[in-house]
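Structures follow.
The two complexes that follow have chain A in common; it is paired with chain B in the first and with chain C in the second.
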Partner chain A sequence: MTAPGRTAQASAPAVGVGRSSDRPTVPGSVTLGRSPRRRRRIETAYLYLLPAALLLGFVFLYPTLQSIWLAFQKNKGINDPGTFNGVDNFVKLWNDPLFWKITGQTFLWTIGVVGITTVLAYLLAIVLVQRFRGRAIFRTIVILPAATSLAFSAVVWGFAFQPENLVNHTLAGFGPAKGGIAWLANVPQAWVALIFVGVCVSVPLTGVMLAAAMRSVPRDLYEAASIDGASRVAQTVRITLPLTRTMLLITTLANFVVCFNSFPIIFVMTGGGPVNRTDILATWLYQKGFQLLDFGMASTLAVVVLCALLALSLAYVHLLIHRTKVG
Partner chain B sequence: MAAAARPVRARSRRSPGDRPFGLSLLLWGGIVFFTILSAFPYLVMLSTALKSPQELAGPAHWIPDTIDLSGLQRTLADPSIWGYFRNSFTIAIGNTILVMVAGVPAAYVLARHEFRGRRLFLDLVLITQMFSPVVLLIPLFRLYKETGLLGSMEGVIIAGSAFTLPFSIWLLTGFFRSIPVEIEEAARIDGYGRLGILFRMILPLSVPGLVATAMYAFIIGWNEFIFAVTFLIASPENQPVSVGVFASIGKWDIDWQRLMFMALLGTVPVLALFATIQRQLDRGFATISSGR
Partner chain C sequence: METRTRPGSRAVIAGALAALVGTTLAAGAAVGQDELSGDLRVDFLAYDAKMQPWLDEMKAEFNALHPNVNLTLEIPNLDTYRDSLTTQASGGAPPDVAQIASSWLPPLADAGVLLDWEEAGYSADLLGRMDPALRDGARYQGGLTGLSYGASARAVFYNEDLFAQAGIDAPPATWDELLEDARALKAAGVEIPFYYEGKGQEAMAAWFNYVYFTNGGELVKDGKLSVDQEACVKGLTVWDTMNKEGLFQSDVTAGTFDQQVATMASGQAAMTISGPWLTGMIAEKGPDVTFSTFPVPQGTNAATVGVTDVYAIFKDSKNPAAAIAFVEFLMEPDHNLRFVKDRGFLPVYTEHFALPDFQEGPTKAFTDALPSAKFVPLDKNWVEFDKIGTNAITTMFLDGTGPEVACQAIVDGLAGLE
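Let's look at the complex of A and B:
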């Protein structure tokens, strides 16, 4: 892309001679070189990016820098000017057993939701690419949770998971009726309920994305395989799975980031309780910041979470760029 | 565009007739399973909204004995509900406008022009996807306090649209790319400048993509929760429906019937919107798997 721009430099003196001089040499994209005219074009390109850059800078860049600044302060709330205390917050966090416990919980939650979601979404995608009566209706119903606010979903699921409520009632329909399980009040079962809801809200979009990838697998591959006598299961494993690997990678990583950051489900359903035992880093951070008003420590935690995610995101970008070429 | 869509449709793989019985059974098992999983919250909303308070106090069951619409009456009679919906609508529209104003020009140059920093910008946009709103809440809270945005819907719109923007830019870029370059070449020969090309050629040709992106931004704005619950905590008059529903579960005596009607009214319009843009989103997803 850059090479033609350099050759165009030879004819650069033709400034203002005619429009023909700035006609792109590469069909398909306008290559911007170094002539004055072209430089003006580069500047207008930046002008087009300006509104987006301003918005992203205001919401992402400046607050991130503020967070880093606050992370090195003792700062208790909005009216506290704050006092610099070096790496004290980081040391305190490192020595806090609760931090390690909640980090563990964050991974339990994230890996639980993403793992189950990936498997179920792949099955959903297989169903979505089949032909059957009522397919259009099915596609619409199945995507519903993706369009619903997580706050609504969490409130409704939280209601249904009450001990005397519909989840237990429905479960009692299968097998021997057991006494009501207090889903959200105690720990192992609260995680079961939360991860279940997390999976329910993540499966639809993931399934639709995987189905889109499956539809772009050339059909003749399946025809050739059928002629060779490969079973449907073998076709799925040998053709569909390898050819949708890129999308699987993208959705898994995207879900990982989203779940790691996930806030509304846990915030609404358990509030991190009982006593921090269903907290993840995101909900704990919120609690520190807006319930305990410890802006300093909360910012330290934010910086730690950001660094972890930045490492993740670099891996993500790297994989996206390099794997899409292969896939 | 029609030519691009056709092969995708032809690729709906198997015809209904050629499936062995066992696979049919598995397929229908899957269909039923996923339908129940997806529909469950809506069934809960419906079942609860239609029961009378006495029935709700009794043992749990799915089918209401009698259909009781008093919850709907209570919902519609409450003036604060209208405020919640008006605010949700304002935030959703504001989100849409801001996302389109910032997203369309950016997506256009990113789709059509090669310039220094393009790659960097795309990477930065991608990296913003790794941010959680929660991580930015404290600095944004302080920033909003200083600038007077705290407690206002504008503040929620600005923060929310920044989080909606990256995916929107990416969607729009895909739509702009699908317009043949020759059209632009021809327009350039006819003496149109870049802005002229954008407004006279590209935008009219990409109306379906623009509409889909705008609807996407609207839905995200409508569903906004985290920023609203944090920045509008002390300004109940500016809260959207999602916060209204959440706030009412903290109360001592919860009117579940009314709450479920609110949730239904808060989700159904958006579901209808989403169903209409589903195909465009599908096309967008298909482009990811074929590389950017």
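Let's look at the complex of A and C:
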């Protein structure tokens, strides 16, 4: 069975760019083979892109290149001109047990948040696509946390997780929190609190995105399955899950990239402490750069994180392209 | 045709010129009285909630004298203030003047972003009236890059009722006696015999030094940061023993300043160490609590920890003349006296120490302790050393690794610093 959208796309008349791209081209003579009008259009397009490109270059490219340059320098202290030291920083980082410990913590944090978020967001999406009274209000309430700044959420949750505050008061009736758990004073309880907050701020938007994907699943599939006697659970597992798999992968990967590099929640709630036990690479980088003023090592760390995120982003882009082709 | 001026007219013109010159000179004199103008940004440390009203008053009074100075007075978030100030300084856009902890001076001074107050033309009269030790304690490599505006020494606060309840007649004079008293308090059912601020920013600068300095420890040797391992172990053994015997609050590494105040004011905690500001805070939040102070106990010797905070003026200041004038205004003895009294600090002007505010009541113990107080050395590696030490002590509390391991980690960490 073909989705209606696909049929419409396939039968649509080829217009504009599509028409030109159908023309056979000779490798190396792409521009020469185009009409002056088309060339003008391309030039105009690039002209429109130029301000954004310049801005991006200034905001992202310049600091990135600067960081890469600093990563190969010994540069410590304010206004230190720095001295080139080759790959010394990378070797030092590689041999630092704390780097590996914090890398492990980064994956613990990322997988913890993304894993739980994915499951909860999927369940939330199932609820969001149902028809029930007050659905609009429910959706608004669900999306509200996504509109709140991460730093603000972290401050509020950090306060709530103080031993004498909201979380312990709420849990007091259940027994384990009597006397007060110092949530942020040591691991593993600090990780429980941090991942909880990470999940809370990630679930709403992910759930809404998944719900949008679920709405695109043709209803006749469910009707046919119902006629065949499939239960709601079977319909979810056999129809919804396979047909929203791509969106699930995309949201998971996007959350992974964001979470891996997420700074505000941990920085505000624990500052990476106690004793670096809740640090992730992003918060450690901040400490090295802005507290210890070791800009060389901080940049080295930034380059390592950049490479890891670049790999993840490429996978993300690949998935997006793949999904677009499929769609 | 030659134009002639009549003699009478000359006199009129001469008179007019004289009037013009006179008016110009008078106007110049007026400008001279208020030659300061332009923008001026000053950052202040977020000591307490009373800071903002005080700043508003100071701003109004200063602007009454210098209406053309556009003052921006800010109180940044204390947790990230040092980081943001460093970033601003390295980017060439710091405030004109900032209140900072004196331990922040070395990296800023090394980077050459600070002005020397004396060379910048700050009032020699005001400098001369300051306590020489407090003034010169902010000198780094000979330069007066910090201007002390308030000081503190530390002492032990104790709840007199809880001591009486535990049958303790007199406050302890040594760490051994304090341990015994803490045990007695615990046996008498006191919830927190001693409150330890384990999560604050003073883990090394204060809490380590309380037990380190009083066991013969010195932080500088041959002009460099140094740790005496024997004094370190002796000192940390006190904290480690108290933690293991449950004489601190539970989850000692979560202990904050706010909780320190709250538990002392509510009568839950029997003892803690702090500065003179705690006097007012306990009195305000727990008016029924009867408390007093005693000197930091001795190990092998008597000592306490002293702290000064300073004004720093930045070389990138666009308005150094107004900056100096404003700080001189804030440091006028009357203005400064009000500031230190409001904060619960000790003064920096010699003439103020004789005032009843600092010679009577609980504050007297701090005034008396100041001359023997030891200060954190001004060293470029202090921040990193502070982090190493804080981590070592926190690990000792969390993992029960013991003082030997903690001190070894501090010594090793220090050896790794350049």
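To be clear about the criterion, the second predicted complex is superposed on the first by the 284 of 327 C-alpha atoms of A that agree within 3 Å, B and C clash if a C-alpha of one lies under 4 Å from a C-alpha of the other, contacts with A are read in each partner's own complex, and residues count from 1 in each chain.
Note that in this section a residue touches a chain if its C-beta (ideal position, glycine included) is under 8 Å from a C-beta of that chain, and two chains touch if they have at least 3 such contacts.
Just so we're clear, the structure is a prediction, and the values are computed from it rather than from any experiment.
The partner of chain A that touches more of its residues, comparing chain B with chain C, is B.
With both structures placed on the common chain, the touch criterion links A:P274 to chain C but leaves chain B unconnected. In the superposed pair of complexes, A:I227 makes contact with neither chain B nor chain C. Contacts of A:A182 after superposition on the shared chain: chain C is touched, whereas chain B is not. When the shared chain is aligned, chain B and chain C each come close enough to touch A:I78.
Legend: residue contacts after superposition of the two complexes on their common chain; A:L310 is shown touching chain B, with no touch to chain C.
Shared-chain residue A:F290: touches chain B and chain C both. By the document's definition of touching, both partners, chain B and chain C, reach A:E164.
Within the superposed three-chain model, A:L56 lies in touch with chain B and out of touch with chain C [touch as defined at top]. The intersection of chain A residues touching chain B with those touching chain C, taken from the two complexes, comprises 78, 164, 286, 290. Interface of chain A with chain B (complex): residues 1-2, 19, 23, 27-32, 41-42, 44-46, 48-49, 51-56, 58-60, 62-64, 66-67, 70, 78, 123-124, 126-127, 129-134, 138-153, 155-160, 164-166, 168-170, 200, 203-204, 207-209, 211-213, 215-217, 219, 222, 232, 244, 246-247, 250, 254, 257, 260-261, 263-264, 268, 282-283, 285-286, 289-290, 295, 298-299, 302, 305-306, 309-310, 312-313, 316-317, 320, 324-325, 327.
Residues of chain A that touch chain C in their complex: 76-80, 163-164, 179-180, 182, 184-186, 271, 273-276, 286, 290-293.
Taken in their complex, chain B has these residues touching chain A: 8, 10-16, 23, 27-28, 30-31, 34-35, 37-42, 44-45, 47-48, 59-62, 98, 101-103, 105-106, 108-110, 112-117, 121, 123-143, 145, 158-159, 161-163, 165, 169, 181, 185, 188, 191, 194, 219, 222-226, 229-230, 242-243, 245-246, 249, 256, 259-260, 263, 266-267, 270-271, 273-275, 278, 281-283, 285-286, 288-292.
If you check the complex, the residues on chain C that touch chain A are 79, 82-83, 86-87, 89-90, 107-108, 110-113, 199, 250-251, 253-254, 259, 380, 383-384, 387, 391, 394-395, 398, 418.
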